[in-house]
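Below, subunit A partners subunit B and then partners subunit C, in two separate complexes.
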Partner chain A sequence: MMNRFNHLPTLKVDTTQKIAFIYKGKKHYGVKGDTVATALYANGIRIFARSLKYHRPRGLYSLDGECSNTCMEVDGIPNVRCENTLLEDGMVIKEQNVKGSAENDYMSFLDKLDWLMPAGFYYNVMHKPAKIWPIAMKQIRKAAGLGKISPDYEMPGKFDEVFLNTDVCVIGGGPAGMMAALSSAQKGLRVILMESRPWLGGFFEYRSGQYKDRQALHERALFLANEVAAHENIRSFTSTSAVGTYNNNLVTGFQIGKKEDVFDQRYIEIRAKSVVAAAGCIERPLIFDNNERPGVMQIACALRLAKTYGLLPGKKAVFSIGHDLGLEAALELHDLGLAISCVADIREDGHDPELLKKIEDKKIPLLKGWVATKAHGSKLVNKISLASVDGLVSKSFDCDLVVASAGITPVTGHITVAQGTLKYDNHTGCFLPDQMPEKMHAAGRVLGLNDPLSVEASGTLAGLQAAFDCENCSIQEIGEARKALENLPGPVRGTKLVTAPVKGRKSFICFDEDATIKNIKQAIEKGFDVPELIKRFTATGLGPGQGGIPGHNLPLYVAKYQTLPDVSIRPTNVRPPLVPTLISTYAGVNHKMFKITPMDEMQRKDGGIFRNLGVWQRARYFSNDLTCKKEIENVRSNVGMLDGSTLGKFRIHGSDALKALQRVFVSDMSKVKQGRVKYSAMCNDDGCVIDDGVVVKQGENDYYFTTSSGRAGQTVEWIRYHTRYDGWTFALVNLTDSLGVINLSGPNARKVLEKVVDIDISNEAFGYSEYKEFKIQDTVQTRAMRLGFVGELSYELHVPSSYVKAVWLMLNEAGKEFNIKNFGVEAQNVLRMEKCHIILGQESEQRTNLLDLGLGFLWDRNKTEAKTVGAVALRQAENDQTRLKLVGFKTENNTRAPRDGALVVDEKVRGYICTARDSFSLNEAVGMALVEGELSKIGTRLEIYEDECGDDRIYGKVVKMPFYDPEGTRMKM
Partner chain B sequence: MKEIQRVSPVVFKSTPVKTKTRDNWEVVMEYSEEGDGPFLVDLSHRPRFDLQDSNLAAQKPFGIEIPETPGICVLEKGVLANRMNGTQVSLYNLDSDDTAVMPDESGYTDVTESTMCVALIGKNVFSICEKLTALDFMDPQRKAPFLFQGPFSHVPCQIVTLSKEGDISGLVLTCSRGYGRDMIHSILHAGEEFKLTPAGENRFTNWIKEL
Partner chain C sequence: MALTITCPICGKRNGYEFKFGGEEKGPRPEEKDLTPEAWCDYVHMNKCVAGVQQEWWFHKDGCGSWFPIYRDTTTNLEQEDQKATNQEGKNDEQV
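After this line comes the complex of A and B, so read on.
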């Protein structure tokens, strides 16, 4: 294990606390605060993985997870971004995308075959002859993708979610973000601050340069972080990456939990009135040959390895940089003991003179106008070639570390995802925000600023602009803040160099997808002349890092290679999630929210097998016999109990209640008599049936009606919508959950019920299609209906939900002597099908109208003044012979029933099976189907096609409906 | 004849230590190990009514002036009146000593059985809520009591915030009775990290007196 610095004030690791982990089967140690990547680095691991296409060795590069270089398998989870994942005790870490090991990968020969794989090769070379493609495709798919996961893999861990509201959301916890948060919070606003690293401070936090008045930048970072923490209006979320920004300032992100948190990761959704985008900058990769060889890393990576994690990144280094941060890093690392052979700076001039003097004082060789051209070493860097930027002169240095960076590039994903636009800035050489989305403000290095005071001042300004959006700040205050910023140094000049003077065969522009400069040239030569097309042809930027590595360089290179007069083209679009994370994090807690009926507990005790049906959980079966034979036979011959509580139930009352009913029901509802039940249906404007149910009159202008379970949630809105211009007075209340429904059915139903109620329920006193209200045991107010949905003597008891258990138990007790049994939804489905009673959605789909179902008798054509919904369309459909008709059928030769949804065919599709079952009551297979009119005649032979049946068909014959008890004597008994 | 008992849609696993029978409901007054809060209290047995009228200004349910603006609520004489929209108001009787009888006038419907009703009271109440809903309870422009009609754990709810004051924060939530089991599960799960525990009605009665 490498020695660590333990004296630096910027350290975020505790070197006294060791953490054990397993890498390739062996125990290693990191320290508290290490990421997986830094712990591996501290243990001398330099090759973390192999690249996607060429299996090139890959190592630490950005330390911020900007590319897939350090994606590894951790505790069985592939593609874990090791630079962003804190080390935990006992972690098991494995390499991925290797055959053999990362050190010795048998597939590394592919790197030499790059000439066989030009840009878009799979579009070109494997299609002729066409028979090659299936073979090639298999091999490509085997090789493609990073990491392996089983399809039935269950993600371990705890996932949470939180939905936040705030006035101002600040993305980025660097100096600009913190200043923005403070200035908004000081205006009394609620502020949320999101920072992807585990601490606040941004690019101040690891640097020792001077902020002001001898205060170091890291001291300033700490000061601001403390200010933020102390402000009660600011909620800071560290280890939290913003992954999406949307309309109306919806910001999404995820937070990585600490050990003491109740979550490993949690999804965060923030609704803000205003957003400040202050995510800072990343470095623009320097493009030269083998620019991703382990040992080559960015400036901040090398510096943070030392200053944050206490690890000297190498022994002997060469710097190839294009920004003052490179000089600053060289000085700091030199002071920490890194031997620096040379600093090659792309710039000829424009350096910070103070830094130049220090470089000179420390005798660090500086080459102005020079750049790295090639990293040498088969697996790790052991030498670097440098050349003047015009390529005329060259030099080589032995080294084990190359610190390389072309400059900086703003992190603008949060702006562009929210539809903000960027514009190339000739001074900084960066793509800077042009048009900002509404109520979003950029601050800090995103604007190209570099001076610490300017960065902070821009944060203050953005915070006030956000406060203005929240109507808590004056124009004058904003004007003053803007003036203060203008009096400070503006953006610094940036380098324009796109690539070192190399051919580019091994100069990588996108690490994730192994895309080289040569590939880009190939794409352009094929006519793909803009980055969005090149991205798709070469896969550049399609990896998990999206635009992190190639984002800035690609448009610059495309402009240069085509000798465009200016950089008018833009970086490719990035999309959420801007930072990759687990799908489990998006799933969050995933509470299953279903409704249960008041009989749920008793039915489960009785062995009910439940299924999710719409918003409800219902008992579908009461045994493992999914044909429900015993349940069905019990209802036909004895007595059964069904839970019908999911039915929609409504009260409509008030002086215009009847008018509203007339509007939405097809029947003449003025004919609903007290004490009687009326069955009717509702249609939509197309005459298609949307609902059916029964209506009873409870009193003057007071009705109670039921709807199907699936439509109950929409019924109030439906009726209100269709009466919205009438100014009618009525109250409409959804009582679906208020009342449980027990359906007591079978020839012995009366015998059971009469033991429980005190009223006369003989057929004469309480006949078929009648309605009664009574109390059970002087307590339970009950609405009772004589219905016959299952085709037997039936009582539907509507009971207040809290009393349902009591009534259920009474009926069970009363039914003991008859051996009363439960029956479930499937048994009911068969029973009613035998009787040819329809269920909407089963015997209908959204185009099925009232007439198609044979329910035209419900429609009262004479109540034109009611303007019944759907009546106009029904009139037009009356003579339409092309519509499907509902028919009953029996299968030929007593073959089994076809599956629901099977097609009725001849040369073409002529209809479909709605419901069909092997009927135990009839001893044959019967069903209902929607078929074209000409097939609806009695006796027509139906040819039925099931999925994957081949040439085997089931044949049926159209017969009269209903199949069971056609006279209806059993339900009227 | 067996005594008939009503069943609440809310079931807690905690052990009741004090109960009271009221209108056939067995109301738990106190549970064992209620802790220091926050608390979740079942109020499903408290009478709740729906009033609809095109001229609500003319109505004075239980003598209460109905707020003019939807979303605004009034708590008076133990009755909470929540203006839902232009023509509708929901009424919760939160006074345990009074079994309010529904006014025998047009427009009223007893909806006690339609919904489950719980109170979520004590510290960190809104931290629990933000794990379940995007509704902004801490919006400084909303003064308690106020009504939200929106999703809570993905389920349409009526939520009345009665206090936003630190440790005595609290709200009353109703949703379709059928969601009782899953709603309680999701609230208790979200509240685990804040030590949310089920509590008896006494806890709510004492709390509402403090408001």
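After this line comes the complex of A and C, so read on.
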């Protein structure tokens, strides 16, 4: 393990606390505060992964996760961005996309075959002949790609989501962001501050340069961070990346949890009145031959390795830079003990004179107007070639570290995804904000500023502008802040060089997708002229780094290479998520929610096998016999109990309640009599059946009605929608969850019920299709309906949810002598199918109308003044011969029942099987099917095709419905 | 969802709480003498304007009421200025 500095004030690691982890099966140690990447670096690991296409060695480059170089498998999760992942005790880390190891990859010969893979070779080469493609695709997929994942992989970890409201949302916790947050907060506004690193401070935090009055930049960063922490109006989210910004000032992002947090990652959605975009800058990569060889890294990466993590990035270094930050870093690293052979600066002039003097004082050789041209060494850098920018003179140095950076580039994604625009700025050579989105303000280095005081002043200004959006700031104050900024140094001239004077066969513009300068040239030669199209054709910037590495260089290079007289330099588009985000983070916590009924506990005790049905979890079976033979037979011969609590249950009352019912139910609801149960249906405006249920009149304009389980959630919405213009007075009360339903069915049902009530419930006193209210055991208020869904004598008992368990126990006790048993949803399904009672969604699909189901008798066609939903369409459909009809059928020769959903065919598809079962009650296989009209006559032979049945067909014959007890004597007894 | 909707009862709320209910097309037509075409137009035809549209929303995770709002379909923002592009023709007819 490398020695660490342990005295630097900027350190974010605790070198006294060791953390063990496993890399390639061996135990290694990092220290507290390390990221996975820095811990590996500290252990001398330089090659982290192999590249996508050519299997080139890749190592630490940016330290902020801007490329896929350091994507690794951590604890079984592929493509983890190691630079952004904090090291934890016991982590198991593996390299990915390698055959062998990252050090020795058998596939590295691919690097020599680049001539076989020009830009767009997928589209150009692999389709002639077409047969090649499937084979080629398989091979390519095997060799290329990053981490692997199996299709049944389940993501471990805890994910959460949080939706916040605030006045001002500040993206970026650097000096500008912190100043913006403070100035808004001081105006009394609530502020949310988002920072992707685990701490605030931005580009001040790791630098020792002077802020002012002998205060170092890192001291200033700490001061501001403390101010922010102390301000009660500011809520800071660190380790939080903003990944999307939308109009209406919606900001989305995700936060990586600390150990003590209840989540590993959480999705954050912030609705703000105003937004400040202050995400700072990243470095613009310098392009030369082998510019991604491990050992080549960006300025901030080298500097932060030392200053934040205490690791000297190498022994002997060469710098090839184009910005004062490079000179500053060279000085700092030199002071920390790095031997610097040479600093090549792209710029001839425009340097900070103070820095130049210090470089001279320390005797660091400086070459002005020079640039790196080629990194040597097959796996790690061991030598670097430099040349003058014009390529005329050259030099070489032995080294193990090349610090390379062409310049800086603002992180403007938060502005452009919210439909803001950028403009190329000739002075800085950067894309700077042009038109800002409404109520969004840019601050800091995003504006091209670099001077610490200017950066802070722009933050203050943006904070006040945001306060102005919230009507908490005057124009004068903004004017003063603007003047203060104008008196400070503005943006400095930036370099525009993209690539060293090289041919570019091994000069990589995009690391993630292995795209070289040569690939870009090839695309341009093919006629692509717009950066956005070249980006797609060459895949440049389409990798996990989201264009962080090539986003700025590509448009600059395209503009230059095309040598057009007046070419406008246009940036490529970025899209959310701006930072790679886990799908699990978006999915959040809610994906296994369901409702349970009040009978849940008792049914589970009785061995119920539960299934999710719609929003509910229901007992589907009560034994492992999935045909439910015993359950069915017990209902037919004794008595059974079913949990019907999932039924939608509603009360509608108020002076216009009847009118509302007339609007949505197809029947004439004015004919519903007190004490009777009316079965009816609801259609949509196309006449298609959407719901069925029963209605009970409790008084004038006071009704109780049920809906199917799946529709309960939409019933209020539906009735209110279709009466929205009428201004009617009625109240709708959803009683679905407050009432439970027990369905007591079977020839002995009355005998059981008689034992728990003390009123007369004989067939004469409480007949079929009647409604009664009474108390069970003198206590439980019950609404009882005599229905016959399963075709037997049955009582549907609606009782308050809190009493369901008690009633269930009473009935169980009372029914002991009659062998009362549970039955589940599947048994009910077979029982009602034998009786040809439909279940919507099974005997119907979206296009099935009331008439198709043979339920036309429910429809009262004379109530036109009610404007019943669906009536117009039903009238039009009445004479339509092309529609499917619901028929009953039984199979020929006692063959088994076809599967639900099997097709009815002849030369073509003529319909489908809705429900079919081998009936124990009838000793034959019966079912219902929706078939074309001409097949619906009694006696028609149906040819039934099941999935993958080949030539084996099942044959059926259309028969009369219902199959069981056609006269209905059993349910009326 | 970037959209916020102002419910007449609950005030300005997150768009996630609401369910879309289609363009404003006026009350249900009288059934007498209604042609199938006219009916189909009423139920299924939409203007789909690029501009300010008057449309219905349901406060599903809230008070459970239906109400119309004006929304600019090009920006997906609710408009306070109550002039809808999809209602222009209608006003002419009334005049």
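Rule of thumb we're sticking to: the second predicted complex is superposed on the first by the 950 of 973 C-alpha atoms of A that agree within 3 Å, B and C clash if a C-alpha of one lies under 4 Å from a C-alpha of the other, contacts with A are read in each partner's own complex, and residues count from 1 in each chain.
The definition used in the following text is that a contact is a pair of C-beta atoms (placed from the backbone, for glycine too) under 8 Å apart; a residue touches a chain by one contact, two chains touch by 3 or more.
Because the structure is a prediction, the values reported are computed rather than measured.
J.: Quick one: classify A:R271 as touching subunit B (first), subunit C (second), both or neither.
T.: Both: A:R271 reaches subunit B and subunit C.
J.: Considering only touches as defined above, state whether A:N248 meets subunit B (first), subunit C (second), both or neither.
T.: Second partner only, subunit C.
J.: Would you check which partner chain A:P501 touches, where first means subunit B only, second means subunit C only, and both and neither mean what they say?
T.: Neither partner.
J.: Considering only the touch criterion stated at the top, classify A:H653 as touching first (subunit B), second (subunit C), both, or neither.
T.: first
J.: Which partner does A:V716 reach: the first (subunit B), the second (subunit C), both, or neither?
T.: second
J.: Give the label of whichever partner, subunit B or subunit C, reaches more residues of subunit A.
T.: Of subunit B and subunit C, the partner in contact with more residues of subunit A is B.
J.: Touching A:A806, do we find subunit B (first), subunit C (second), both, or neither?
T.: A:A806 contacts subunit B only, not subunit C.
J.: Does subunit B (first) or subunit C (second) touch A:F163, or do both, or does neither?
T.: A:F163: touches subunit B and subunit C.
J.: For A:T864 in the superposed arrangement: first (subunit B), second (subunit C), both or neither?
T.: In the superposition, A:T864 contacts subunit C only.
J.: Contacts for A:A873 in the overlay, against subunit B (first) and subunit C (second): which applies, first, second, both or neither?
T.: second
J.: Touching subunit B in one complex and subunit C in the other: list those residues of subunit A.
T.: Looking at subunit A, the two contact sets intersect at 163, 271.
J.: Would you mind writing out the residues of subunit B in touch with subunit A in their complex?
T.: Residue positions touching the partner: 1, 4-9, 24-25, 50, 52-54, 106-107, 109, 111, 113-115, 130-136, 138-140, 153-155, 176-183, 185-186, 189-190, 192-193.
J.: Tell me, which parts of subunit A touch subunit B in their complex?
T.: 160-165, 190, 262, 269, 271, 589, 591-598, 600, 615-616, 651, 653-654, 727, 729, 731-739, 777, 779-780, 800-806
J.: Please output the residues of subunit A touching subunit C within their complex, sorted ascending.
T.: On the subunit A side, the touching residues are 163, 246-248, 250, 271, 685-686, 716-717, 720-722, 724-726, 864, 867, 871-873, 876.
J.: Touching residues of subunit C toward subunit A in the complex: what are they?
T.: Residue positions touching the partner: 1-4, 14, 19, 21, 26-28, 30-32, 34, 36, 39, 43, 56, 58, 60, 64-66, 75-77.
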